[in-house]
């Protein structure tokens, strides 16, 4: 029963494919891909709509106000209204802009985001694009984001756009390193680049109670935090939304965009956020595995989306809580703290492996991480570097 | 109907020639680099294609060489572009016709 | 006898050598380490010497030999070795004991010298070399150490290198002894030629043993005389004695150690060592070579004693006295009294070292003054020095009974009296005894008695470190008389290997009375003649010597060392000068002209080749260069500096290769 | 692997490459280079070398292309002026093309169809890299470090 419920979408796809069973191979392939794409788009566009309104409402709660509550019940139809508004708005393209590139930039951005969503397993046997080396695919394709942002900034022929794009690329480059290196310990521990294998490796329970998610090992926890923070930067979320800081450079590389192109940018940003969160869930939080053996009757995709929702809530929560960071502070953290810590995680994972993956390994890797963390804190003298800025000329 | 090795090599030859065209005919320094990258890419295509078409079993030598070639061309691109910037600072131009200090 | 000691004898030279090297490698400021090393090395040497000496007491006349192969040259093996017999053992003890005393004395005497450590390094070096001479069982090894001794002597005489006189004296000593050594060397070669070995004792095959001697035959006389040349040079015998008084330019401990006690005795020792060569084929104890030795010794002894009377320098008097005493020893050896000569050598080592150290103490007390006419009345100011000096003086003068020198002199006179060939040496020796007593009394009166003159005003007794060696040597001098007495001639028996019996009656001999008479006569004459020395006496001024006043011509003759130096300067050195002039002239005009002629020919040839070069080769090279430049200019036009052209050329080249490959295939 | 895919990818790749070589606008040329490289990556996928294809995308599009556009930005002063073609270069390129094509067409042994092979997994590549190719791998690491430092030194502001 539970397995039928669990595999309902897989069976559904198989049923749809049976309609074209007699067709040549390439027709079946294309049909299968189309079904996957449609499903992905449907789910994530809905999620995007839902999250956009939820974010506004949660932020409003945090700021002691109501938020959108006029359109539909609890303002739930707000995204529909927004979408219509965006669609019918005039699409302005600057006269000196490079028209083709200006048009392509949001498209590439959204395409990249959707492609990255494809390799994440959403449930048991529910990977849209099962490829040998999915994690590598995720990052390879994800790296095109920078190019898209640059296209947007350059094609607009506007100095704010260019500046914003430069800032975005700089911070993306800087945080891409810790992001990727934080993934390495998991890849090393599992010995595979395939997301499904990684999730399978996290399926057991220690003593039958504690799930063997990598987040419950010291190196996994540290890598998860590094990955999550880098993910925040990659998706340009607060407190790292410097590239589009309204108070400084209008809206960064999106300044010259309006109407549906602007909406596409927005969509791409949220889809990127989903993708990074989904990968975090896959790598560290056990993917679609339930947190306890007795909860296995609940379908796997529900667990995935539950974990994803928690992470998205944290995103929103952070946005409501933290102020924006300064550019130099961001760079300092990336190169002087995040990168060494990411390497430390790799070493700690190796220590954990060679110490037997048991309690001993757990303690040893904890020791390694604590030592390096303390050394880095002392070396960088964080208390002085991140002290409140004194505005000497503002008083 | 599957493409033969000859088809891949022809594509590689065309890519190489286009790269050579870019490197030889354009005046801008960056085009030379772009051309060189394309020629390297053509070579990589050859490596992979010959690996694929070799009778099995065989070691993945072609793949290995392609990987190393990609890494080396990345290094080459970084240094080459840095040189373009440095030279640009000195001559205030990117037109390679005007880089003629070494004229004999 | 314990063979282990002989096989370890190499330590005797090695320890002081090692000490010298370590001291030299230390810094100049490490005075204390230098002293500790040098004296420590000397104590070790003394200990080894005593250990080596004791077994020889048990079996009289024993001889232990340790030979080894130095290197093999074709079929010839060159073997060296060490020997330990009573002669060597007695010398070892004497040398190491006297050396130790002098080392200790030097600590005080050289205290203010800036090259203090170097001095001790040299002293240690000398000590090692001297010990090596004594224990060598091969004429070659002996010669090597002999030359090392000469080197050490040179270094130490010229120790105060900044004084021109010291440098000249060092040079003189070195060259003069070298003349003797030349003979020594020739003798050695001759000996090797005849006997085929240079080992002294080699189980019957050595050159001093019957088998070896049998090979020599008549040439033994000439070989012995040539070797005697070396001894003459080293021991300052008559024709080559001139360097020894000049050697007094060195520091006084050096004079005491080298030029009184040990090195100059090496000549006597050498003759004693190779005595079988001298006495080969002796008829009634007389050979022609030994006769030469006797007459040289007699001449030297008398002449030096005479010169000593007229000298004013305290050290020069002692130096001539040394020469005279060495002559005495030679006479003793020559007349067959080998044991007597060596006994006198040993006794002389002690008391002459004592006298030199005493004079050193006097000089030290008088702030470097060496002229005895400026001293006087020092017996109150320097009682210890005076007492010990007096003992030494009595021993030297040959006062019998209680002083070692007396007994040994007695023995020598005894031996001389029985020389069958002639009685002249005996009477001349008796005159020498009187003269010795006379000049020593003169010196004593000048230095220690009478009024205090200029240099004695501020004199003071020397420090303990200098007086202690004096006392030790004085005790040694007196103690030796016990074993030297003719009533119990222990040392004589030890050296000759004859059994010894105590006969008090042997003390009472007519010879003893004669010599007692002569000595006391000499002393009395000295006291009478020099009682007013240093003060005005009637019309004689204070600074004029009584003898000079009485016999000015004789005094001048003696004071100028019988003009031997001048004679040498006129004859030998003059001849050398003349030949040098001649060579100079030859060089300047004859050889130089020859060379110039050749040069001119070469120059002509050079001019010719230069012309060929200029006209022929150079022009060709020039043209080639011009051509190369043109070609370079042509080729450099291809070097456009345009990167794309280079790239294009590369591409065309690739295409060409491709076509070539296709064509070949 | 079939001909239709091959032709589509070839056309895509070569069109991108030709555009990259001839477009007057530098920035467009750079973007077209990205397209050509994407096509090349597709070729690699087609040939079963997925890892190399991904690495190509990762390195060329993620890093080299961005570097190129940055360089274009930094030297923008005369990116559009003197759009001149060096015709002798074109001639040489055409000659090389003709020569190579002739040689390839002449070679009979190139007309082979791909054999069936087992897919090359990332694990296999990793094992080969870490066993047989450790030494070249280390050398490449050193080279990349040197290139990084060298590039930094080259573009550093000149101190006057």
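To keep things simple, chains are lettered A, B, C and D as they appear, and every chain counts its residues starting from 1.
Simple rule for what comes next: contacts are C-beta pairs under 8 Å (C-beta built on N, C-alpha and C of every residue); 3 or more make two chains touch, one makes a residue touch a chain.
Note that this is a predicted model, so its numbers are computed, not measured.
If you take subunit A and subunit B together, the chains in touch with both are D. Chain pair with the larger contact count among A-D and B-D is B-D, by C-beta pairs in contact. Note on chain placement: the centre of subunit A and the centre of subunit D lie 29 Å apart, centres being C-alpha means. If each chain is reduced to the centroid of its CA atoms, subunit A and subunit C end up 102 Å from each other. In this assembly, the C-alpha centroid of subunit B lies 6 Å from the C-alpha centroid of subunit D. Once the centre of each chain is set as its mean CA position, subunit B and subunit C turn out to be 90 Å apart. Listed for subunit D are residues 2, 51, 55, 63, 86, 88-89, 92-93, 96, 100, each touching two or more other chains.
Multi-chain contact residues of subunit B (touching two or more other chains) are listed as 20, 23-25. The set of subunit A residues that touch two or more partner chains is empty.
Looking at which chains touch one another, you get A-D, B-C, B-D, C-D. Across the complex, subunit C meets subunit B through its residues 635-644, 647-648, 651. On the subunit D side of its complex with subunit C, the touching residues are 86, 88-89, 92-93, 95-96, 99-100, 103, 106.
Against subunit B, the residues of subunit D that register as touching in their complex are 1-3, 6, 10, 13-14, 17-18, 20-22, 26, 29-30, 33, 36-37, 40, 43-44, 47-49, 51-52, 55-56, 59-60, 63-64, 67-68, 70-72, 74-75, 77-79, 82-90, 92-94, 96-97, 100-101, 104-105, 107, 110-118, 120, 124-125, 128-129, 132-133, 136, 140, 143-144, 146-148, 150-152, 154-155, 158. Only residues 20, 23-25, 32, 96-97, 99-104 of subunit B touch subunit C when the two sit together in their complex.
Those residues of subunit D that touch subunit A in the complex are listed here as 2, 25, 27-28, 31, 34, 50-51, 54-55, 57-58, 61-63, 65-66, 69, 73, 119, 121-123.
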